[in-house]
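Two complexes are shown next, each including chain A; its partner changes from chain B in the first to chain C in the second.
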Partner chain A sequence: MTTASIPVTSGGRRREPTRLRRLVQRNVTAYGFLCGALICFAFFSWYPMIREVILSFQKTNFVDPPKWVGLANFRTVVNDPAFGPAWVNTALFTVLALLCGYGVPFVTAIVLNELRHARAYLRFVVYLPVMLPPAVSVLLFQWFYNPDYGLFNQILGFVHLPGLQWLNSTSTALISLVIVSTWMNMGSGTLIYLAALQTIPSELYEAAELDGAGLFKRIRHVTIPQTRLILLVMLLLQIVATMQVFIEPYLLTGGGPENATVSVVYLMYQYAFNFGNLNAGNALGLMLMIVLMVFSAIYLRVSRDNTV
Partner chain B sequence: MMKAQKLSILLVSGLTLAAAAACGSDDGGSGGSKTSAAPGGAAGPVSISINCEPPKTNKAQRATFEEDVAAFQKLNPNIKIEKVTDAFPCYDPKTFEPKLASGDLETVFYVNFPNVGRLIASGQAADITPYVNDLKTFADYNNEIDMFKKDGKVYGLPTDGYGMGLVYNKAVFTKAGLDPNNPPKTWAEVQAAAKKIAGLGQGYVGYGEYSGNNVGGWHFTASIYGRGGSVISDDGKKAAFNSPEGKAVLQNLQQMRWVDNSMGSQLYIEWPALMKAMAGGKMGMMLGAPDVLISLRNDFGGKFENYAITAQPEAKALFNGGAGYMINPKATPEQIKAGLKWIEYEFLTPGKGQLDYVRAKGQGLTVGQPYPDLYRPDTPSGQAVDQLRKDNANIDAGQFAGWVEGSKGIPPKAEPGPYAQEIYAILDTPMSAVLTRKDANVDQLLSDAEAKVNSLLASKG
Partner chain C sequence: MSNVTVMPGRPAGTSSTPAGGDHRGRPRRRPRKPINTQFRTAVSPHQLNTTRGRIVYWIVLVVVVVSFTAAFVFPLYWMITGAMKSTEELNSIPPTFLPEHFSFDGYLQAWDLLDLGTLLGNTAVYAGGAWLLTLAVDVSAAYALSKLRPAFGKVVLALMLSTLMIPPMVIMLPAYLTVKDVPFFHWNLLNTPWAIWLPAAANGFNVFLLKRFFDSIPRELLEAAEIDGASPLRILWSVVMPISRPILGVVSILTVVNVWRDFVWPLLVLPDSEKMSVSIGIASLSSQMPQNVLVASLVIASIPTIVVFFLFQRHIMAGLTAGSLKG
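Take a look at the complex of A and B:
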């Protein structure tokens, strides 16, 4: 670079351009690394999100120029008879998935952490379902849940209990999906909790034991406070993930029986791909995104206030 | 510090805009190469793309297709088929609009009947009216062509079509002490036969039916049409299934599922699920079109000789199933003409392409099934196809005879309008209710579904 290209100030001093040059030189590597991430985010996250917002206010057939239709797409999805059940089911699924999917991995991690033998083997066993493709796991459970010859009803029959209808009944279909979801996802949660547990200094447990604390008191007064941050983050991530439940109802129940398992994302899929109304699907997606954003903001605000 | 922030903002904005510009560009493609299309209607080389080549697993049919692509180009040196796609299923709603938006949709694309009305209504198929009279067999079409028409314009050509029937397993019938040559002709007979089959023991299902993912509503429609009812009113503005015919459909299923225990407890929520169960050899009957028999053999490993199809019991109208081809709405007039020439050569000309039964027989493909049923029987095309089929039949026509004879004179009935899929999704609910709840209130279910469909149709204007 030549100095001729650098503008000179009225006083003939070159302080500003030099500072800029230094700033760029000092950070050029960082900006270089940043570029990769920014390009990826721009293409695969921000652009689709912007397009989603735009499409949800338009009517397009991808042939003629799109028309702006105001809130018409939102009215379409709100008037859909499955709209109410979809939100109720999604909320219910999220609550149930939290009860199972949040508690079970944490307790499993504590148990694994307490074990002295076969810890690596059990860690592998717990993580194994995560390595299976979700479709395979779901098909496996399709057999487990079969009311005639499925594994679960065979086990119930073995202990002289009546079989259940599982996916075929409005009262058990949703909880059946929660069980599948928990089984498929608990491995990742367990490993994260286990990693967090292993960062707790053993002196704290020793001190607690010397003070006469039993297992439950140690968990309450040492484990939970020490892993609180990771628990809060995982809670948020889990709620955001379970609110987007799709693959389980799509593959196992088709939203039935009687809309008992139709979820918001499943309804989005129906609009976008089965009803040929991509714009209405986008409108529903935008609604879900806003709900999750508002929830996340409130959650982060509350948890920040409580952790400070 | 401020400068660094500004630089970052500039960088982010620039990248975002660049991404938006890159992704937002639309070449307006029609699947074929635009540069090679002759401008202004002048005769010259034109490129098109086609889809629905048989998959690699179906070697014999794929070979005939490839042979036809080469022969067609030799016959029409000005037409170049520059891209052939073999994605399965041939029409996939998940990829259709993205391909259309990105310019990747083929010039000539396959579409099944349930999606035809929607594509026409949304302007996603080219108007081919000015060109159809150039097709030699167009005048011979039976009324299936009506499905591809709207307001006097033509938007596509059917290449496959058939009415519904009752598919049954002859081996299971024999095992249950039923006469496989005298299948049920009434719903009461279906109930009785299903009960006997279920009585064979663990795993036997007398009658299978769909109940989710829109296929439940699809089969409700086939059933109510058979009983003489309708799903929507003639003007398409109101639901019409809350009727004695609709009630009979649900009550029949409720009776078989809960009183006779002849339907098993497995729910079938995807099209392949019931097909797999039927191919498994322990299911007695299901509603289906004649192509189900070939599909059970080719795609699901069923023992072909065990299956037969008879007329839908007590049928007053037959739900029209099938498929056809449409042209990319972004195609140039030359590409439309070239695309129609390909459809005519491959699917519509007796003795050529897929209607070349001499070649099909020689390659071990099934010949003799009574479809595609495209032309009126009194037309030259209809008679030619029929004769070629008879002369080269290599399967037992008796497996389809009950359907052919029993369906004669029964009028076909089309999908319930462009919002059929939305209506099917609503009708899934009463179907799944009667198959999962013993105490399901049929009147209430129909009334609830009627209100929902009325609300849907009102919102569509």
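Take a look at the complex of A and C:
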């Protein structure tokens, strides 16, 4: 900068404005290209993010100007008898969905990686449910869960076991939701793990074998450490995704029986659209946002530190 | 399969003894085609090609194929054939494996009763428009951030990526309010395609994927075009876009599939039954339909995504791994 400005010759003076003009022109062009995205993000991402916080502390009815009410919305939400069950169910759903939706795909991927035949078929088949619209999968399972003529009770009857009430009983409703969720989501996890497994260098397995490690020791000491990063990333992603569970309770149970399946996002939806208390819904959303942002932040940290 | 059953001239006890020591004992038998061990995995290739290894391998393979088919294909089979059964047949115990007679009445009724033509048409409009708008908006944004490098470009990028931290569900209420009454303009976008298109374009992950790809395009290429007198728009269209076809494919598929599969957002912003997407339309009428008609509508609603999957399997898998390794 300084060296360029020292020789104040006629040539240098002529170049200054053109460079400035080029800089301005470049910025104008760039922001011209950016303006569409800036508008979309501003209206549909950034502004809602800010408004989420503002609305949580306000009372609005969209006729009068909004009133600041401090923590009143949070008090309303916390005192709701469904508040506790919603968080417990969400946490329980997340834990159960992780047990099924995290362990099962990883084990499946390890087995698939050993197979030398039918690989394309198996990969295709496991991903098939992921491609169905979630509403289709959920309504399909609603039919399967029917206690009178559903597929599951028919299969249980076929092997002479008593049928279950599935969605209608407080003890099986939540696990039924977990089964649907796992069925329709496990394909993506499986394929991601499979891709990760294929990057493990074969020398590591050979070395481990020479050192006398058996099959399970090789999995324990080679496969898992080598896929540790992707396992961690997927764990965090899955926590964030499953804690937002909505479509399963919305379509299958309506939060029932006796609040056994009400989830945080479902309760949030009910506040806004059934109870007519949008601000309380926002307050609940803000609580969930804070919880999920912790996981998101860890996720971004982990993936930034390790991949690029 | 045949490897398991055909074991001629072999003493019954040998299969349990550790294999490897008996190589010399059977010189006249043609060696079987070995199981491909080109990629070394956790299982040792030597163990895999012993007799016991083969038996275990084929048993595991059969078990996996059968159980996968039962878990993931059979429900779809049950869905497709269930739509062909009458209500009485659906309720019968034990169930019939094949429909008594193949009739497509269920499908025809579903098409008429649920007005699936309109619903599918709506969804196609939402997905197609979102696709075009997302490409236009996100590609030009990523191009500007990657190659034109404006002032505060890094800040803009950081703000866009920060939206990845906020799960979409938790801002759905304020986003809904924005759509209902857009600030400054006071437009009500409810029940219009814009309610789907504009938020779909605000996708930080797409911008990230595209920018990362554009960063890898050598500068010299663009400078050469610039010297030839091409405008930035021309460079984007004639140089950058053609090279970026793989990533454009990934972004396109992600966008279309996401809009097609989305449930919560269209549930909020498209309450009018004339304007619903196919998932919402079926869900809203599901309790009033006979079971076979409902199941038929589920089959019809899943055909488009399954066809897309058949056609673009490779791109979809690429998008999946791109999603997992983002940083």
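In this text, the second predicted complex is superposed on the first by the 243 of 308 C-alpha atoms of A that agree within 3 Å, B and C clash if a C-alpha of one lies under 4 Å from a C-alpha of the other, contacts with A are read in each partner's own complex, and residues count from 1 in each chain.
To be clear about the criterion, a contact is a pair of C-beta atoms (placed from the backbone, for glycine too) under 8 Å apart; a residue touches a chain by one contact, two chains touch by 3 or more.
Just so it is clear, the model here is predicted, and its values are computed rather than measured.
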item: Contacts of A:20 with chain B and chain C, given as first, second, both or neither; value: first
item: First, second, both or neither for A:143, with chain B first and chain C second; value: second
item: Touching partner for A:278 - first (chain B), second (chain C), both, neither; value: both
item: Partner chain(s) touched by A:104 [first = chain B, second = chain C, both, neither]; value: neither
item: Which of chain B and chain C A:205 touches, first, second, both or neither; value: second
item: Partner chain in contact with A:167 - chain B first, chain C second, else both or neither; value: first
item: Contacts of A:38 with chain B and chain C, given as first, second, both or neither; value: both
item: Between chain B and chain C, more extensive residue contact with chain A; value: C
item: Which superposed partner A:46 touches (first chain B, second chain C, both, neither); value: both
item: First, second, both or neither for A:293, with chain B first and chain C second; value: second
item: Overlap of chain C and chain B interfaces on chain A (superposed complexes); value: 27, 31, 34, 38, 43, 46-47, 51, 148-149, 273, 278
item: Contacting residues of chain C [partner chain A, same complex]; value: 35-37, 39-44, 57, 60-61, 64-65, 68-69, 71-73, 75-76, 78-79, 82, 90-95, 136-138, 140-141, 143-145, 148-151, 153, 156, 159-160, 163-179, 182-183, 198-199, 201-202, 204, 207, 232, 236, 257, 260-261, 263-264, 268, 278-280, 282-283, 286, 291, 294-295, 298, 301-302, 305-306, 308-309, 313, 316-317, 320-321, 324-327
item: Residue ranges of chain A touching chain B (in the complex, touch as defined); value: 19-20, 23-24, 27, 31, 34-35, 38-39, 42-43, 46-47, 50-51, 61-64, 75-76, 79-82, 146-149, 165, 167-170, 253-259, 270, 273-276, 278
item: Chain C-touching residues of chain A, taken from the complex the two chains share; value: 26-27, 29-34, 36-38, 40-41, 43-49, 51-52, 55, 110-118, 121-129, 131-136, 139-140, 142-144, 148-149, 151, 154, 157-158, 183, 188, 191-192, 195, 197-198, 200, 202, 205-206, 209, 215, 218-219, 222-223, 230, 233-234, 240-241, 243-244, 246-247, 251, 265, 268-269, 272-273, 278, 281-282, 285-286, 288-289, 292-293, 296-297, 300, 303-304, 306-308
item: Of chain B, residues touching chain A in the complex; value: 3-4, 7-8, 11-12, 15-16, 18-20, 22-23, 93-94, 96-97, 100-101, 115, 118-119, 122-124, 202-203, 211-214, 216, 264-267, 269-270, 329-330, 419, 421-422, 425-426, 428-429, 432-433, 435-437, 452, 455-456, 459
